[in-house]
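Across the two complexes that follow, subunit A remains constant while its partner is subunit B and subsequently subunit C.
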Partner chain A sequence: MNSKTLLYVVKRIGMAILTIFIVVTVTFWFMQLIPGGPFTSEKSVSATTLAALKAKYGLDKPLFVQYLQYLWRTITLDFGPSMKLKGQNVMDIIREGMKYSFPLGVVAAVLAITFGTLLGSIAAVFHGKWIDRLIMIFSTAFIAFPSFIVATLMVYIFVLKLGWAPSNYVTGGTAAFILPAINLSFYPASYITRLARSATLDSLGSDYIITARAKGASKTRILFGHVLKNSLAPTISYSGPMFAGIITGSLVVEQIYSVPGIGASFVKSITNRDYSLIMGTTVVMAGLVVIMTLISDLLYKVVNPRVELE
Partner chain B sequence: MKSRKIAILTASALAAIVLSACGKTTKRTFDPSTYAGYECDLNGDGKISDSERGLTWAQSFDTIINTIKSTSDNNQRFKLMHAAEDELMSTGAVTPLYYYTDTFLKKANLTGFYASPLGMKFFEESKWGKSTEIVACIASQPTTIDPHKNSSVDGGTYDSMMFQGLMRWTHDGEYGKEGYAVKVTEGDAKSYTKTANADGTVTYVFTLKDNLKWSDGTSYDAKDYVRSWKRAVNSDTAADYAYLYEVIKGGAEAEVGTTGDELSVSASEDGKTLTVNLVSDVPYFLELMAFPAFYPVPASADVDGKWCAQGTTPVSNGAMKVGAYDSTKIELVKNDQYVDAARVTAAKVTFPFSDDASAMLNSYKTDAYALIDDVPTAEIKNLKASIPDEFFNPGQLGTYYISFNIRSGFADAELDTEEKRTVYRKALGLMVDRNYLVDSVAQNGADPADGFVSKGLTEPDGATDWTKARKPYYSVDPADQTANEAKAVEMMKSIGLNYDESSKKFTNAPGFTYLYNKGAGHQAIGEYLQQVWAKYGIKVTLENQEWATFITTRKEGDCDVARGGWLCDYNDPISMLDMFVSNSGNNDPGFGKAPL
Partner chain C sequence: MAWHFGKKLPFPASFQVDYDRPNIYDLGKATEPASQEEKSAQDKMRPSTSFFRDSVKRFVHNPVAMVAMILLLIIILGTIFIPLFYPYNYSTQLSFTNRWGVTDGTFNYLAPFTYSKTEQEAIANGESVWPHIFGTDNLGRDYFIRVVYGARISLLVGVFAAIIVLIIGTIYGAISGYAGGKVDMIMMRIVDVIYSIPDVIIIILISSVLRQVFKANGLENQRTGLIATMGTGMLSIFIVFGLLYWVGMARLVRGQVLSLKQQEYVLAARSIGAKPGFIIRRHLIPNSMSVIIIAAGLQIPSAIFTESFLSFIGLGVSAPMPSLGSLASDAYQSMATYPHLLLAPALSIGLIVLCFNLAGDGLRDAFDPKLKR
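Let's turn to the complex of A and B:
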């Protein structure tokens, strides 16, 4: 790593810290604006109980003190106990959800990148032929279809009709994660297919490929040795945020397939007004996006040395 | 000239502000805390005497609820509770729509299953076909399985199998078949005596069974009950159900204290007997003894609930104990140390967590689950017809209703007295076809409600249903709907609202906003109500809010009319009535409260 790259990384880390600080601040103050609190329920608890609960979770302190406390908690990565799930720490809840969401996200991302790049390149090589059109039709369809429709269909076919996959994780084990992983990969795979296709088309028409062809290089060599490397570039910059998105934003898919992942915690933390869990999940999500973006930017530089990091 | 213009402009702006402020105050001059238009049969003699008329809410409703709570004669209590419901219904501000039901699917070969009247389900005496391992999906992960801190039915289901109180629920016969019945019987108690004291208080003495052991093999006795109850009630534990201890002497004081020492319970020196002093004769006391808030907990139980958080295997004393507990499921296994272990047939009961009814149904269809406690609304009709032997829809002790906020002032401009507004609210209620609502709108197979206190609650004889012991407040017979609507029109005319005979619509009926929380069912009901009232020229705007926002808005009285729902905390009508006393946090209509 040269000094320029190092400086760039240090600068980006500084920016990441600033981003997370802004996220924490905005989330904290906006969170206070939503009506209701963690102890709001259909049946109101007595005034004594409410006061005891507020004292227990530090909600009786002035807001600014609470804000400083959250900043400190962000630094130490300890968001304290959840206000709704009694006796449980926020980090434990996140860790437990990640246990399922993270591997699921990794598998989906690998599937998406592999098939997306492959199909995109094939479509480009056979530009204008029927296979290109077929791939484009499918990739457009999977971008357009909401994931819950695809998921419901897949459950109906593979779980209920054919019985090939188990209906839930608790009784079915890890095999229950196959369908959701495939399902989760559809959208990013389709997106990557389109990215890879246009990048490959660009490369195929560029001067250095024409030169390579003129020099008599074989088609395979041109494709794998020159084109693919370049057509990967846009996929790489898309993959970072995509990965962060897949593991944190798969609530609908997780629910349909009964995957006990982190997706539900994001939504429930807000509907429950579980302040500490809201802060925890937000910081983790922001952190993931920031880190993944940084990694993909650095990788981008690796495959495309012409890029100047600034 | 210029300065004069500015002065005029400023003055008119100020006037506008003052006027608009006035407009707001005139809109809300009605003061429910001083309004003396209520009447209530305070002595329960079936008649309203002169002294029982022209009362404020505090003088009437609050008084009768207090009398009920200190009355030992159960027959008299029920007369008073009927009188309290009469008064509540006379306000027209609480418009019941239907009595809740608990819809679930159960495989025909799941035997030995039973449920308590509060909806807690028991599997310890169950078998699934020949297997002693059962899988049932009740709900998503509960916020806690600490029996003292829990306030959900699903958490209560797990707790009731993991723990046992002085009393427990038992059953005769097979669920859903002829001869099936549930009742409370002795749990940890071998026997008990009940003594009525001269001052109206009551003393229970429970003699405990021998060989009571926690699941780790260590013994416990009456002293552990005393310790546990003190934990449950004191404010450090901050349990939602701490208020249930108010039936015990010193309960109310213990609830605000930090030790629970104020509670009048004591254990004998040898730990064999437990003495409990009650403020009055509480007819549902023995059922409370079978309720999770009164279960004993081990000495390791901390106030935060960490001792039984996910990932732990807490020590318990019931038929089952925790085998594994994570974010995906809770797995209960047979507790060999349990005092009545002979009655337990299940070796393992697994409860996967889910809050998606469609996902639950998929697992039920593929025979992965023996029971699911939620069914997608859209599938109810179909399932009821295709698997009638597996479809259950028993009543739950609770009511879905419309809550009119009497402090909102939405009808004040057109209807100048509370008497007129009361007539208007009742007319609005009569227009609703509750049969159509449950069959075609909510499609939940529930029973149309003709009063607020739920069906399923029984009279002191233990057999007559509460709703059969009183006259219906209005008819829910489908044949009477046309007459109900005609009556509603007449009532609205009688309070001076203009009815246009040609269009069959009122021209000046006060409109309002109907507030509900997000959810397909609530929305469908809201849209139906809007349509019904629009037929008579009443303009209703629908507003939906996300759950916690909705609850806050309704509690703060920042709405005209809102959907309401209430489930009993215990098997007694008072659980549905005392929520409306003036200072109750659940008195959403705002009876007896100061103006907003």
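Let's turn to the complex of A and C:
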């Protein structure tokens, strides 16, 4: 690792920390905009109870002190108790949700990368043939249709009409797991298909492939030894945004499949106006996205050393 | 044939004699001015073409983009004109308010192209009743007109969001690109940071907060003015777009300006003392306009996407005004029994977004071949 690379890594990490800091700050000050504080909806609360409640959540201190406390709590990943779900810690709720969301997201990512690269390479190899057209039509359509629409249609067809999957996620086992995972992977898979297709097309026409062919390398050897490596590079640089996409998708997909994950609890916390939960979930999700983007950027540099560092 | 060696032979000098060729080597005629006919023989017959015409030609020859564009035009015209003559209103509950003046519960949840009891009687009596193309919803409102209105709202959201992005992004990007140096670096670092913020999560946070702010300030119940016609949900979508989504446009415009400001005419303008603001307004922005407008066009489906997403999780356009997202969200609850209520808005969103994407990609390829992916 030379000094230029090291500088890039340090710069990139600094950028990620700055982003997380900004998200935390924006979250905190935006929440302060909400008039009347979080306890206004409970009308029967007396003045002393209100004061006690405020003391409990640390809302009686000056704003800037609250902000510093909040920053510290973010570093220690402790967001205090939930404001609506009595007796539950925000971090516990998030951890509980992660138990369901994490496997779902990982399986969706694996599905997306596998099928995206595969279909993209097939489309490129059969460039201009009917199979290429078919793959492109489907990937275009799945990019255009919002995930909640695909999800509702899939629930209607596979759960309600055909009855292939059980409707209860928690007790449904593997069968109930597959459908939302596939659903989450649709958008990233289509996107990766397009990326992989154009990357494969590029490398198929490049000089080193012609050289390899001139030397008499077999078709499979060229495909797996030379082309695939290069068509993977843009996929890796996309994996950060893909993770963000899967998290966003999970907000609606989890709700539709009634998965008790972090996405569903986030949406519920919005309708409940559970401010500490909203803040905690926002920060955790944003932090995950930023870290994943960082990892994918660094990984891209490892896979593709030719890339020019800023 | 009189060869004259003082003149250069036209190339290629073939030894084959071309009998139809006008005798240009005849010295007897050489001193005479060329006739109009001879002059016009020299004309290149291809008509002159402009950049715009060339691009339009490229676009027209792209069948997918053309079909998408025509469909889009039909949809836009439909959302404008269908409500003008359509016999039903998007908020009229037909079970209570109909032209027969009776209360009839069978108006609720009509299947497509079916009629309520009252209407069946009226038809039996020879009256003509306009069919409910998509049926009616749970409150007996004609669903077709609701979908049309929803599409109108969604399109409006998309267009306005794109305009906001266009204005902010263009100004910011042009200033950053033209200023260069330290100013450019700082401005672009700001863009980098905003770009790396996970947008959808922050959007949800901001719009859920803004809703509360508007509600507390009594703006929710305002009867007149901007907010009353738009609703708080839509307003927060615009604010979010103005805060977060202009960065892509700013990057694009900056790139354009960076390459354009090296051109001689900018140097010329600068040398006669034109101020930076004037050069940006007069030269740089107009010359990157085609790229900017196409990028803004591609922003529209993204805004529609975002709006429908927010509506679906309950943060979008407020009732009774429908948007395609909120229609789909409402219909989701009764999906098992009334799937067509979900299908109609769902497919409409997909169709509109798809058309915008395809037409936008086609336009970009046609107007800016350099940007082609």
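The criterion applied here is as follows: the second predicted complex is superposed on the first by the 266 of 310 C-alpha atoms of A that agree within 3 Å, B and C clash if a C-alpha of one lies under 4 Å from a C-alpha of the other, contacts with A are read in each partner's own complex, and residues count from 1 in each chain.
Following the convention adopted for this analysis, contacts are C-beta pairs under 8 Å (C-beta built on N, C-alpha and C of every residue); 3 or more make two chains touch, one makes a residue touch a chain.
In this text, all values refer to a predicted model and were calculated from it rather than measured experimentally.
Visitor: Counting only touches as set out at the top, which of subunit B and subunit C does A:Thr48 meet: first, second, both, neither?
Guide: In the superposition, A:Thr48 contacts subunit B only.
Visitor: Per the contact definition in the header, classify A:Ile34: touching subunit B only (first), subunit C only (second), both, or neither.
Guide: It touches subunit B and subunit C both.
Visitor: Regarding the shared-chain residue A:Ser121, is it in contact with subunit B (first), subunit C (second), both, or neither?
Guide: neither
Visitor: Which partner does A:Asn168 contact after superposing on A: first (subunit B), second (subunit C), both, neither?
Guide: In the superposed model, A:Asn168 contacts subunit B only, not subunit C.
Visitor: Scan A:Ala286 for contacts with subunit B and subunit C and give back first, second, both or neither.
Guide: second
Visitor: Just subunit B (first), just subunit C (second), both, or neither: which does A:Thr248 touch?
Guide: It touches subunit C, and subunit B stays clear.
Visitor: Name the contact category of A:Ser139: first (subunit B only), second (subunit C only), both, or neither.
Guide: Touch partners of A:Ser139: none, neither subunit B nor subunit C.
Visitor: For A:Leu153 in the superposed arrangement: first (subunit B), second (subunit C), both or neither?
Guide: second
Visitor: For A:Met15 in the superposed arrangement: first (subunit B), second (subunit C), both or neither?
Guide: Second partner only, subunit C.
Visitor: Once the two structures are superposed, pull the subunit A residues common to the subunit B and subunit C interfaces.
Guide: Residues 34-36, 152, 155, 160, 255-256, 271, 273, which sit in both footprints.
Visitor: Going by the contact rule at the top, pick out the subunit B residues touching subunit A in the complex.
Guide: Touch list, subunit B to subunit A: 135, 140-141, 143-144, 146, 149, 151, 235-236, 238-240, 242-243, 255-256, 302, 304-311, 326-329, 350, 352-356, 358-359, 362-363, 365-366, 368-369, 546-549, 551-553, 555, 565-566, 569, 584-586.
Visitor: Show me the residue ranges of subunit C that touch subunit A in the complex, using the header's touch definition.
Guide: Its residues touching subunit A are 192-193, 196-198, 200-202, 204-206, 208-210, 212-213, 216-217, 301, 305, 308-309, 312-315, 328, 332, 335-336, 339, 342-343, 346, 349-350, 353-354, 357-358, 373.
Visitor: Which part of subunit A faces subunit B closely enough to touch in the complex?
Guide: 34-37, 40-49, 51-53, 56, 81, 84-88, 92-93, 96-97, 100, 152, 155, 159-160, 163, 166-172, 255-258, 260, 264, 271-273
Visitor: Using the touch definition up top, name the residues of subunit A that touch subunit C in the complex.
Guide: Against subunit C, the touching part of subunit A is residues 15-16, 18-19, 22-23, 26-27, 30-31, 33-36, 140-141, 143-146, 148-149, 152-153, 155-156, 160, 198, 244, 247-248, 251-252, 255-256, 266-267, 270-271, 273, 278, 282, 285-286, 289-290, 293.
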